[in-house]
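Report on the following structure.
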Amino acid sequence: MFLAKVTGNVVATQKVASMTGHKLLTVEPYRVDETRRDRLVPTGRTFVVVDTLGAGVDDFVLICQGSSARLTPETAKLPIDAVVIGLVDTVDVGGSVVYQR
Amino acid sequence: MFLAKVTGNVVATQKVASMTGHKLLTVEPYRVDETRRDRLVPTGRTFVVVDTLGAGVDDFVLICQGSSARLTPETAKLPIDAVVIGLVDTVDVGGSVVYQR
Amino acid sequence: MFLAKVTGNVVATQKVASMTGHKLLTVEPYRVDETRRDRLVPTGRTFVVVDTLGAGVDDFVLICQGSSARLTPETAKLPIDAVVIGLVDTVDVGGSVVYQR
Amino acid sequence: MFLAKVTGNVVATQKVASMTGHKLLTVEPYRVDETRRDRLVPTGRTFVVVDTLGAGVDDFVLICQGSSARLTPETAKLPIDAVVIGLVDTVDVGGSVVYQR
Amino acid sequence: MFLAKVTGNVVATQKVASMTGHKLLTVEPYRVDETRRDRLVPTGRTFVVVDTLGAGVDDFVLICQGSSARLTPETAKLPIDAVVIGLVDTVDVGGSVVYQR
């Protein structure tokens, strides 16, 4: 899984029928700062994910990719490859808090 | 999933039998501009995807990769790893519209 | 999926039993030229794929990766993650032919 | 699979129900030093993984990604794409020990 | 799949129970030299794979990744994402032998 910040929303009216009613978010993966190791820094990449937990812009979330994105009750048969599996409260690295909600 | 712009078409007459009749598009993934954050920028990568929604060149689409590409009615048993699951209407990032159809 | 040029062959006598008799090719993925947009350019990467369609060196092929590589009649139970699903005839990008067989 | 060092912990209270009680770690993949070949060096990337083996910060672990992350008794139906499958004791490269617990 | 050279061994005593008795190797993927095209060159990346074919350090092997790594008799239910499926004898590129065992 990876840590990501919710950056926005995607609207697609014309879509595969089973996708109707599923919220789509853009997220940017974050990583631990390589040199300072005391904060999370953005990676510049953009993913679109399905959210069933009520995540909003600027929230830090945990993203699961691949076939396992279908292993939640709401996403079981969807043509999706990424889903929010948690809203992140804290990330601790090397003994210090690098993110707190 | 990722956002991509449809860039072209692929024709392959000699192919795995089950692929007959399926439209193949080339797409280029896009990402949010890292510095300005107010627009989508191309990544330079090229993917080939199956389209069942009638996407055309220059449309922005949402692409699902991996085994989940088989989770649409038309692609259920195909040897494919990427499919268009939506035609994008709008993408909102940080409160501003970065793409509108 | 991705576009690739067949670059060579791999021979492996000692292998998982189910792989006996399956042709292995080296391929190099290609992408649309980022600046000129009127041709395909090599990526420098090397993949090994199973071919069941009779592809030869210098042919352009369409490659499917992941579990879907097992969704052809000849590869159904093989320990493979990439297969040729088509021999490419033409690739059109932005209205011009960037590859023709 | 890949070698990684455990760097920290992630807490997410609001999550997909099946994830309750599963420990989440941040890990950084390591690779063999390209030039010296006698040590492991960090890659700068950040993954979040599920741990069922009691791994702690600074431990070297072996990570399995993708659908196979669900192939352990404790993770069978979880929406996860990465799991610790072993605590690494030693890594030998080119005849010399590059990591020892 | 990809071509790789076996570079070393990994020992992990504390692991998921089903992994007991399975040999773990470190491998480095190789690719065709982009400019000269007459040899294989290392990529600098490090993977850990399961081997059931008796591969040893410095052997060139063919690696299958993802769920298909479970499609061999010995690895059917393992939490692994990469396995050796062949010991490479020869690799031919552009008509010349770029690797011979």
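For clarity, chains are labelled A, B, C, D and E in written order, and residue numbers in each chain start from 1.
Everything that follows uses one rule, which is that a contact is a pair of C-beta atoms (placed from the backbone, for glycine too) under 8 Å apart; a residue touches a chain by one contact, two chains touch by 3 or more.
Here the structure is a predicted model, which is why all the values come from computation and not from measurement.
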Neighbouring chains common to chain A and chain C, by label: B
Partner chains shared by chain A and chain E (touch criterion as defined above): D
Centre distance in Å when chain B and chain C are each reduced to the mean of their C-alpha atoms: 20
Separation of mean Cα positions, chain D and chain B [Å, integer]: 32
Where chain D touches two or more other chains, by residue: 66-67, 69-70
Chain contact topology (line, ring, star, complete or other): ring
Cyclic ordering of chains (reference chain D, direction chain E): D, E, C, B, A
Partner chain D, residues of chain A touching it in the complex: 1-3, 30-32, 34, 37, 40, 52-54, 62, 64-73, 75, 83, 85-95, 98
Residues of chain E touching chain D in the complex: 7-19, 24, 26, 28, 42, 44-49, 57, 66-67, 69-70, 77-82
